[in-house]
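Take a look at the following structure, please.
We call the chains A, B, C and D, going by the order they appear; numbering starts again at 1 in every chain.
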Amino acid sequence: MATGRIGLWLIGAKGGVATTVMTGLAAMNRGLVEPIGLITETSAFHPLNLALCRDIVIGGHDIRDESLLDEARRMWTVSRAISPDILEAVTPDLQDIETRIRPGTVLAAGRSIQAIASSPESKKVTTPRSIIDRIRKDIVDFSDTNDIDRVIVVNLASTEPPWSLPIPNEFEEISPLLEQTTDSSPLPTSSLYAIAAFEADAAYINFTPSTGATPPVLNKLAQDRGIPHAGCDGKTGETLLKSVLAPMFRDRHLTVKSWVGHNIFGNLDGKILDDPLNKAAKVRSKDHLLASLLPSTPQTLVSIEFIESLGDWKTAWDHIHFQGFLGTPMTMQFTWQGCDSILAAPLVIDLVRLVDRARLAGEAGSLPWLASFFKSPLGCTEQGFAAQMNMLHDWVKKSSTQP
Amino acid sequence: MATGRIGLWLIGAKGGVATTVMTGLAAMNRGLVEPIGLITETSAFHPLNLALCRDIVIGGHDIRDESLLDEARRMWTVSRAISPDILEAVTPDLQDIETRIRPGTVLAAGRSIQAIASSPESKKVTTPRSIIDRIRKDIVDFSDTNDIDRVIVVNLASTEPPWSLPIPNEFEEISPLLEQTTDSSPLPTSSLYAIAAFEADAAYINFTPSTGATPPVLNKLAQDRGIPHAGCDGKTGETLLKSVLAPMFRDRHLTVKSWVGHNIFGNLDGKILDDPLNKAAKVRSKDHLLASLLPSTPQTLVSIEFIESLGDWKTAWDHIHFQGFLGTPMTMQFTWQGCDSILAAPLVIDLVRLVDRARLAGEAGSLPWLASFFKSPLGCTEQGFAAQMNMLHDWVKKSSTQP
Amino acid sequence: MATGRIGLWLIGAKGGVATTVMTGLAAMNRGLVEPIGLITETSAFHPLNLALCRDIVIGGHDIRDESLLDEARRMWTVSRAISPDILEAVTPDLQDIETRIRPGTVLAAGRSIQAIASSPESKKVTTPRSIIDRIRKDIVDFSDTNDIDRVIVVNLASTEPPWSLPIPNEFEEISPLLEQTTDSSPLPTSSLYAIAAFEADAAYINFTPSTGATPPVLNKLAQDRGIPHAGCDGKTGETLLKSVLAPMFRDRHLTVKSWVGHNIFGNLDGKILDDPLNKAAKVRSKDHLLASLLPSTPQTLVSIEFIESLGDWKTAWDHIHFQGFLGTPMTMQFTWQGCDSILAAPLVIDLVRLVDRARLAGEAGSLPWLASFFKSPLGCTEQGFAAQMNMLHDWVKKSSTQP
Amino acid sequence: MATGRIGLWLIGAKGGVATTVMTGLAAMNRGLVEPIGLITETSAFHPLNLALCRDIVIGGHDIRDESLLDEARRMWTVSRAISPDILEAVTPDLQDIETRIRPGTVLAAGRSIQAIASSPESKKVTTPRSIIDRIRKDIVDFSDTNDIDRVIVVNLASTEPPWSLPIPNEFEEISPLLEQTTDSSPLPTSSLYAIAAFEADAAYINFTPSTGATPPVLNKLAQDRGIPHAGCDGKTGETLLKSVLAPMFRDRHLTVKSWVGHNIFGNLDGKILDDPLNKAAKVRSKDHLLASLLPSTPQTLVSIEFIESLGDWKTAWDHIHFQGFLGTPMTMQFTWQGCDSILAAPLVIDLVRLVDRARLAGEAGSLPWLASFFKSPLGCTEQGFAAQMNMLHDWVKKSSTQP
């Protein structure tokens, strides 16, 4: 059964995760690599008749003028993470995608993201509404030009600073504010993209800790339009391990006294996180789950530091200090040496296929059964990875029996 | 509701786990410590009306003549694991227990265990049946003398070498062989104890990788007598982490290429495991779960080495080499610095209370819902910790609604 | 040969390092422990005829009113680092020392140190000169009352914020400023103590990164009075390892690209370092040596975080990313789990004996041959540990042949 | 000043270290890479006028028929250690070298090395003397054909089992035994190569723990012929760190109680070391230095395990348990993730240039000042790395002033 052509529209299309998504899909379609890391390619998901990888057409926005090919190749030249022969083989695919990349926007994105923007168009200051309209038009044009059945927009842009202004709960209150100048934008950039997606009839996935469609008013907008969305902040490495290990300490009634996590990496996202404002949003997303997973809240600490030589290799060291029987203190440490984009890209593809499948099944608004993919899952308080996987498999079973 | 007096009979009563069980129960009963590590003290288990900790009377067998008090104090003097003021406070309790310790047996226990036996009685060579009878009588006397309602025997003795002879499936075939001399014992020592337990109408828990009640013929014996048993090999540290982490690699469809685990520790169990024969049994128990948890069987390696200076502190380093999207190799390492006896003792107490509760509910034979406690659970193929915890909680829920 | 009675005057006398020095000396004098960690007790130092440990009399200043005994016992109750039986055995010695502890001062010590001061006397605001005079008098009284031949003052107080005001190079310029009120103190607290020490004819050791006797004007003061001093910032753990490992990378011509060091600990010093001002001074001292040891300056990062549950156990994780032949990137990581006060205390005792010996030999001003003891050695640019040890042994050899 | 053309004859010419030496020299000569890891390219060595890298001509022996190019490329395809563009660029150089590779011998090399031999010539059974003569002739032909001034033979073959037979101290006693059949070879394979080297007037370097020129009788043979040699067992990773860290524990008078080192890797050398016989030789070489560096001999353990997925990446985890002041136990752990051949190759090139320089200066027999390069240095008991580096630099200084 064919499910039609899927448009995958990436915000931050020249970043590491995005180029890895592109390289990976192209390499799989060319038969060069196995679908390692893609859970939607395992047998449990076969009954769902998900969109085929070869039916995914990619386009997107970016704020930088750099060549997509050069950016993709950094995964070899800087990070030694993707084999150069694979990058060579998919060059035509990347060149093709590059024709479908449009300038993004840094309106309300904060000083650090604005500092790396090189596309003049992306830096144009105008009203939020004009920005939304331009973005929506890009998405609609992409869909029309490429004979696409359904579009999914995925936010892969660098982390914004936390948004401190109150966000109204009714879209009617926001609308007039969007017509004003940027000096008083009522929403951060990521939320403008989310609105544009919904207005372009596209599903939306927020793979970052930025605000995106998290505010209730935007969830309501999605529900009103019958569009599903998911988020936020992909759970790829250190936080994934927290959500796997913390339930063990809880289930064994061991008292965690402190949990320290130090993360170092050197890609562009890391550079943006070097700004304390942007870092604050990320750290909150990486840290908060421990309090919900452990009965006695331990002292926690998360650091993320930009170490340029590491490139895309995110190395995390976690130190867990816990008390056992008779009060005896013990420790566990782990070191995770993962390649950030390599871990994230298959999750993005899995999410695209699952959100698209949910849309076909008529689901709208946030999708709590996708919690296992996110550090800060929308509409779901469960933070334990195994319990989240059970939620996902329950949905798969339920959906597999549907026509 | 009182559930009566429970007799806890420990085989290997002077070892680190046993003395920690004694110290811990006594310290809790005296109000000196919180029940950290005891899951049966968490709220989910309250509806079960489990036996009270203060109603547990302890006795046991050991093959060594050393003073129980001295052995218990090694947890401070050698290992710095239990605070000396606690050990001081429970001295009268330990002295009381010492009056209820009887000589064990090393018949068919292998050269390394035989080498550490210091009790002359334990080394007496006679028929297996005579040994069983003597052990059974010790247990029955213990029960009678101390006004005990139900006895649970727990095997905490050092690991035997793997048993290589075939074990008949009918007890009728084994019985005559038990009358012969030790030169042809049809069963290893741990199984002789298990038979004695069942014949003394006691439930049985095998906290070690030794044979115990694992052979089908002994499970049948337990069922025939209406007695539950559980095992085998308590899951306390490195293997616990394997059963927590391996499902994550599976659920994320990451290909584990190799999983290496090196364990070092310096207590008496470690000394026994320094014998390659005994070590073989332990390594098998620590290693086999990965094959069942991971779709593509990785190369695995487990080592356990006796490093005297570490005492009871079992330090494990695991190195996991896995492949992600696009074939990119990555690694995870962890170091676990846990105190073996401190981790094991609360599991023993939890198991005693749960097995006793199952008996009251009429369960007999092996108890698969206790899988989360064991490296090699009897009657259960599930090796993932989260799934095993679900089995336990399902049983708790079911049992809580029973009268 | 007797060398006389030595007075050891500790600033921060109730802190972890100070109480460990007291406990250690008392325990050695009582024959309870071996002199592990004391290099002056190894055979190479025997020809120097150093002051005997049993001839050291201790007194000091502190800004807190807490009981010395209680503070000393925290090394067991909070940190499980010193065995409680040792602490029990030396109780009379600590009670004796407590009679010789006088209130310190927090004048010009910064907000965080001022916040923990509980002694009213220590918080009295007066002129720096009055403070110096009071401190000097305390030291002189200590010396007179206890029949002491030579006094050594050691700064073990928590780290001050870096001093940002220029410090004149002539004591004549400073003197009048000392007469003014605290609002314009020309020197930080640690330097006031150093002046008091020199004016009391005492040698001085700065075991912290605080300013102390580092300014040239104070070194000159010491030289003028014929008094030796040493500093600064004891090299006990992570930085020691840097000074051991960095020369290896240099000697093998491997290019270190980045060196990240994360330190976590929970003692009072850690609490003070939680203040960014105070932390800045510490981080600088821990970080700067890599630039001097490695030919191509790598990106470096040092963090120190207060994790209360760890107590005195300072755990450091270092991640070293380096390039080898053909540009291949490789990594080394280490985890150091050391007890801060336990590592520091024997260095303090060694320094006291060596500085005293230098004084007997007529040395004055800073002592560069003590570089191996310090993160920021005075009068010495060599940062490699092995080379620093050669400097020390050369001095020992030279001094051993002197009458 | 030209020093002439150097012939570098590699035993085990198709192994990882050998192909990395070839690739590295070719890449440097083509200006593709910097000489990272080569200490002879640092300024301290410039006054020595060492042989130029571009004047080194390579040939060698191997027991396998596999293509040199394929073997060299495994450093990318299996290990991701050398960039494929570098391997591509040096293809002509490797093809040229392949014409100078001759069949080796497995006579007396032990079962595991014999099992991997694929060259029929290498497996021919004849007398040791015939083997020596064939090898010597290969070396002499190489020298003559390529217009070479001086040849250095380097043993890079996989580790032999330890040699258990006594080796006579006079070559006159050995000579007749060499004429006999292989069933009674008086020396292991590596020593036959060493004899052939000396008889071909070539210097010799033993980069492995095999016997080579270690027996006094062969050192004497070298001295008699005026030829220098060096060895044995290149110090590249974990053992290098031991020789750097152990002196620190000694110099701080900290008592090391146990030192455990676990090594895992997956190259051909690792496969050979999987044989307990061969492993025994390696472990001894990696372990013995601690006893000589530490005053109180700790319990030590070294394991080396073949984990195929790691390829050339040798990962070592060391756990050091030590006691500090007041008997407090502490730990240090490190993880070393190094690429074995990448670390070894520059040492081989450095050694070739230094041994050649020593020969020009008239040195003969073993060269103790090269101790820093070896796990088991010949003619030198010093095992501390810093002290060994001082020996090397003293020699450099002395030699730099010579004409």
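Remarks
Going forward, a contact is a pair of C-beta atoms (placed from the backbone, for glycine too) under 8 Å apart; a residue touches a chain by one contact, two chains touch by 3 or more.
This structure is a prediction, so every number in the text was calculated from the model and none was measured.
Mostly identical positions are employed by chain C and chain D in their mutual contact, as over half of the interface residue numbers are shared between these two copies. Two chain pairs, B-D and A-B, are weighed by contacting C-beta pairs, with A-B ahead. Once the centre of each chain is set as its mean CA position, chain B and chain D turn out to be 49 Å apart. Computed from the mean C-alpha positions, the centre of chain A lies at a distance of 45 Å from the centre of chain B. Residue positions 80, 83, 331, 333, 335, 337 of chain B each touch two or more of the other chains.
Residues of chain D that touch chain B in their complex: 80, 257-258, 260, 262, 264, 298-299, 301, 303, 305, 307-310, 315, 317, 319, 321, 329, 331, 333, 335, 337. Residues 20, 23-24, 27, 33-39, 41-42, 81-83, 86, 240-241, 244-245, 247-248, 251-255, 323-328, 330-339, 342-343, 345-346, 372, 384-387, 389-390 of chain A are the ones that touch chain B when the two sit in their complex. The touching residues of chain D, when paired with chain A in their complex, are 80, 83-85, 335.
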